[in-house]
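Sharing a structure here in structure tokens format.
To keep things simple, chains are lettered A, B, C and D as they appear, and every chain counts its residues starting from 1.
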Amino acid sequence: MGILEVQNVNKSFGGLKALTNVNLNVEEGMIHAIIGPNGAGKSTLLNCFVGRLIPDTGAVTFDGQSLLGKKPHEINQTGVSRVFQTPEIFSDLTVLENVMIPCFAKRDGSYSLNAIKSVKNEQDILEKAEQMLVDVDMIDKRGMTASSMSRGDKRRLEMAMCLSQDPKLLLLDEPTAGMARADTNNTIALLAEIQEKRHITMVVIEHDMHVVFSLAQKISVLAQGTVIVEDLPENIKGHPKVQEAYLGGAH
Amino acid sequence: MEAIVLQILNGLDKGSAYALIALGLTLIFGTLGVVNFAHGALFMIGAFCAVTLSKILTLSHVVIDATKKDFLGNPLKVEVPYIYDFLGESAGNVVIDWAVPLSILFAIPVMILIGFIMERGLIKHFYKRPHADQILVTFGLAIVMQEVIKYFYGANPIPTPAPDVFKGSFDFGAMLGFEANSIIYPYWRLVYFSFAAVIIGGVFAFLQFTTFGMVVRAGMADRETVGLLGINIDKRFTIMFGLAAAVAGLAGVMYTPINSPNYHMGMDFLVLSFVVVVVGGMGSLSGAVLAGFLLGILESFASMTVVLETLPGINQIIIYLVAIIVLLTRPRGLMGKAGVMEE
Amino acid sequence: MSIIKPTRRGVLRTGAIAGAGLAMPTIFTGSASAYMNEPTGSTVTLGFNVPQSGPYADEGADELRAYELAVEHLNGGGDGGMMNTFSSKELKGNGILGKKVEYVTGDTQTKADAARASAKSMIEKDGAIMITGGSSSGVAVAVQALCQEAGVIFMAGLTHSNDTTGKDKKANGFRHFFNSYMSGAALAPVLANAYGKDRKAYHLTADYNWGYTTEEAVRESTEAMGWETVNAVKTPLTQTDFSSYIAPVLQSDADVLVLNHYGGNMINSLTNAVQFGLRDKLVNGKNFEIIVPLYSRLMARGAGENVKGIFGSTNWHWSLQDEGSKAFVKSFGEKYGFPPSQAAHTTYCQTLLYADAAERAGTFNPCGIVEALEGFEFDGLGNGKTLYRAEDHQCFKDVLVVKGKENPTSEFDILEVVEVTPVAQVTYDANIAQMGGPDATLGDCNPGA
Amino acid sequence: MFGLRKSDSVLLLIVIVLTLFAPFILNPFPENSVMAQFNGGYPDLMQRLVIFGIFAIGFNILFGLTGYLSFGHAAFLGVGSYAGVWMIKLLTLNVIPAIIVSVIVAGAFSLLVGWISLRRSGIYFSILTLAFAQMSYSLAYSVLTPITGGETGLQPKVGDPRILDAALEEGVTPRANLFGMFMNDSYELVIGGWIFTFNVGYYIAAVCMVLAFYLSIRIFRSPFGLMLRAVKSNQQRLNYTGIESKPYTLAAFVISGMYAGLAGGLLVAMDTQAGAERMFWTASGEVVLMTILGGAGTLIGPVLGAGFIKYFENIVSKINANILETWFSFMPDGVSDLFVGLIYPFIGKGWHLTLGILFMLVVIFLPGGLVQGGQKLAGVFKNKKDGSDSASGSTSAAPAE
């Protein structure tokens, strides 16, 4: 039994079939990569995990409970966090405030009318958020407005925000897209470190095979809306089906 | 049955005015991303183009008529329009009589010019500013335009009648086989409706069949990409603003015989046209036109005695009620696109 | 050097006296002066509260012209206008009670809130002893209540709703203008004469208080003449295009349309009705007719030629040939170059009436003024013999029935007087239901101190 | 102090001092001087300044923090006013029940409107709120006349029940009071040529405003306030962070609706009359303008904006040609006529024109509102070398959609 199980998920937009009978099994503590050519349905699949899209048929279970029909914030409260392709952060707020918000969400749940207390008196939240910033090496930027940072820092901040919730499952949508090689390597190191220290299950969508093969412990290959192979990294490289999918061999 | 046909006719007419203003608002919003609260004022300025032209045509010199007395008992000063001197009295009268239709020719360059000046001088600095700032600055501009008109023309409505040939009304009742007089419709309103239809058709054709229009439509869909293609979209957008101003202005010119124009007529229309735009769906031209006619017709139906007897006061709120229902059932209005103006 | 003077506005403000201290609030309220804003210097301040922005701005501007003229005359300037024809001869052109008349102005915006704010500012800041003006009944009723509370006199401007001196009448408030009831009573016989007693009327009524009272008044008096009311439809105040209300009129059996609209509503509904060709139609074998119960010449201009031949009523018209009217038109026309409107006339009269009452009472004390005005009979102000009735502070005078002129000679020559309905015919009992019944009372005069 | 950080305490103290000494500050000119026209220190205007300050502070909690632009907030003020007058008519002339009930009724109404309107965002939300407000206005003006008084508004009458009060003496006009202190009672302090008016009603309203301001600081600095700012910044991220934004926005909506109700209740306490015009869309627009003009999202901005607009409406509109002539009477005739002619279009009946021009100038040159103007000024005085810094600091330009 994996922590995230996807069974026979179908999703179509109008006449277009985006996902066909997708099955996926993510085991706890693993870094599971989903790869595939453009338009294979990777993002659609990820969106089905977080409640942004609802599959037409099929089941998505996380940690024993179904995620179908749950709203994004409810799914997050079960322990699923997501990093976006373009960093989704609170750009008008400071770096510290960005990290405090998930800490509040973790502590207070999805809603709490905390209208009279002052933020600066919330010692536990402040400590936790600052510790998180230390962990990702951003503590010196705590007072900066998030929008004024570099793209790499925004990504790092977004990751810090997700991690500060102690998620059970971290979804990463092309975490290194558009990054320079050095930044990419930093990110790989960061993710590896997180996995080592916190044992968080991760699902990574990635184009960069260097990243995939440096991190993934298991790989699913998606092509034309369906999983064609799910296997260990070493078995994926030479797999004929994968080559066919990527190189567009004759059907 | 007659009553329903009648109210549809009335609704089409009211809808024409809504649709024309909403069309211009949507053009500006769709292309420039600017919420233009001064659009109602442009409609009003258009109406005052007609007033101005008829004032110009009736510019007069004074002839003293000693046989009559004015209210103080002094000899009556009779004003004789200069145009009589140029064209003679009868031809002069014909020209004065046709002042409103003639104003179309006068209004088009004036409105386009005003549109250009507004866009280049003010609006273009607000493309990147939040919508709230756009609303505030265009609202300020609308107040200024209104007050300038009020300063020169006063607050009272100014009668600007249609040419004599269009006086009176057409008997649809007899034509459609109902009782005579059961469905009558003023000629000028028929003119207004047809005029609106032509303008709307013209704008759509312009956007659909010209290269200019294609680029603008592409710009409405995705401004950045079009910018990347190396096309100078800004210049086209200036022209679009001028066009939208002209559409609003023409709507105003032709509206003057229906209701005498006054300086605040633009504000009266502004809020309703915003409701129309939003009900139609932000950024959708066809949505704006559709919603304009729809709300016009519904407003007419709500004023029927039968309806009022069952739901007193429904005529006061029908447009807003429909807006609420539409927005709750269709999140982005009738024909709106996702993601527009939702941030 | 200072003194804390715990009083309301307008009290003696003598120079600095030694000593300062904190005062307890309740001890000092009231009593330090005889009445609110008692003028202590050589001048007295009046507050002219008229619409300067919004749709009635032109009417407000005309009221303001009349006020300025009245002040000029009271202070001895100009030709004296109607002061010379006024039956009471107390006014000498030396101000009021020897004090020079000064004035402050405010903008009502034709909104009750804004009107009260500007009236309060005149009372509190400028020390106005009397507030006057306005161009709608909503504003008049709101400001009248304020003046009652504050303890100053309110001389209503243009307000035609029954409520001003009916349901919402106040001891400190006075109205010279006529009202809906009088319009109805004056119009009905003229209409019956012109159009016959067998008519079917269709009412379009502006959906607010004034509309209701006017519809009620016209209905009652025309039905008493034998007319039948086939339908009465309420139209929103904010309506600009009345086509959807006008068009169904012909489908009903009606042969008369009564437009209980004022100002912009009236212009638009009348224009629309004429556009639809209602007046060219024959219904029940009779010419279709339109009636506008309350005419305003200023606003009627906006309807252009559409007013021709349409009956209505008005408080006063510049073409009247009595001595008072002639004198007023002359001094107004010479100063401004055009004839005054009925709004200008009523506000001019109100200013003179107030000044005269103060002279006769020998004080500016509102209670003295009330006493002087109640039951006051006068003449020479353009409306013939007039009575300020004590029971409701409403002026009773002849009412003019007018008709849109067929061949106007100038842009001011829009209406012609067809009949002067004698006052007896428009007089009513103060307790009738239309006026709020016996429950409506004036209360006591409030001097504010 | 008061559980606030230092800069906020200073701001609060400044506001307290300003409101406390407003009778002095607003009356800087001696009574009979030429400039006395610009004195604003009379009870009605002072009351209005603080009451509309409350209204704008509340509006800013919604708009400034969450970015939801409501175009129908005047409806809550109006509903609060009607509720207040009814309390004065039915219960007692004491203003306390009126004010409390105003807040509650406006809160309940805003809960209903907010619950429906907040299903949409952006301009769709704005139009929904506008639609509710316009419906309230139209109905109050016409069909609901028995409840609202329609055109003539709702006022206390001699014959009202007032079940908690002893009967008034015959003919006495009912006046609102607070335990026997009437709202329009004042003391006048005469110092030389100056007259300063201390008004009971003003100080009641001022106390309410200071409390409202204090509460708004607390809300701004609370975790709740942080969440509201997060809603404005990135609602999607907030949802993916496990937080449901609707309860937050709804709470903010209701809080700001209650502020509007408080303002409405105070308005009728000061002046016992409620008319439908205060719910018209222009009234809703006015509070939007106040907030943006002062500086949306800043603490003090809305108060400044409210003061600016109300002062203008009441002072500039009262200047007439007569007064202008006295100002310039010291000049030779021709010159004074020229000046009068030049200024005349902008004062008195032209005050709207002046207001419109000022709106445009402020938005064009001070995108962050008056607060930004103040910061710029302070920047010039404080440190000339980093003067450019403050200009870009307080605003973020959201790209046009």
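Throughout what follows, a residue touches a chain if its C-beta (ideal position, glycine included) is under 8 Å from a C-beta of that chain, and two chains touch if they have at least 3 such contacts.
Everything numeric in this text was worked out from a predicted model, so none of it was measured.
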Starting at subunit A, fewest touch steps before arriving at subunit B: 2
Label of the chain whose CA centroid is most distant from the centroid of subunit D: A
Central chain of the complex, centres being mean CA coordinates: D
Approximate Å spacing (C-alpha centroids) for the pair subunit C, subunit D: 32
Cα-centroid distance, subunit B relative to subunit C, in whole angstrom: 35
Rounded Å distance between subunit A and subunit C, as computed from the means of their C-alpha atoms: 74
Per-residue multi-chain contacts in subunit C, two or more chains: 53, 57, 61, 207, 234, 236, 238
Of all residues in subunit B, the ones touching two or more other chains: 312-313, 316
Multi-chain contact residues (two or more partners), subunit D: 138, 141-143, 352
Every chain pair meeting the contact rule: A-D, B-C, B-D, C-D
Touch list for subunit C against partner subunit D, complex: 1-9, 11, 13, 15-16, 23, 25-26, 28-29, 52-53, 57, 60-61, 103-107, 111-114, 116-118, 120-122, 124-125, 136-138, 141-142, 145-146, 148-150, 161, 163, 168, 171, 207-210, 212, 234, 236-238, 439, 441, 443-444, 446
Residues of subunit A touching subunit D in the complex: 50, 71-73, 76-77, 81-82, 88-93, 97, 100-102, 104-106, 108-122, 125, 147, 161, 165
Subunit C partner contacts - residues on subunit D that touch it in the complex: 31, 39, 42-45, 48, 138, 141-143, 145, 150-153, 155, 158-159, 170-173, 175, 180-182, 184-192, 195, 197, 200, 271-273, 275, 277-278, 313-314, 317-318, 320, 322, 348-349, 351-352
Subunit D - residues contacting subunit B, complex: 63, 67, 69, 116, 119-124, 127-128, 130-132, 134-135, 138-139, 141-143, 281, 285, 288-289, 292-293, 296, 345, 350, 352-353, 355-360, 363-364, 367, 397-401
List of subunit D residues in touch with subunit A within their complex: 3-5, 218-219, 221-227, 229-230, 232-234, 236-244, 247-248, 251, 255, 396
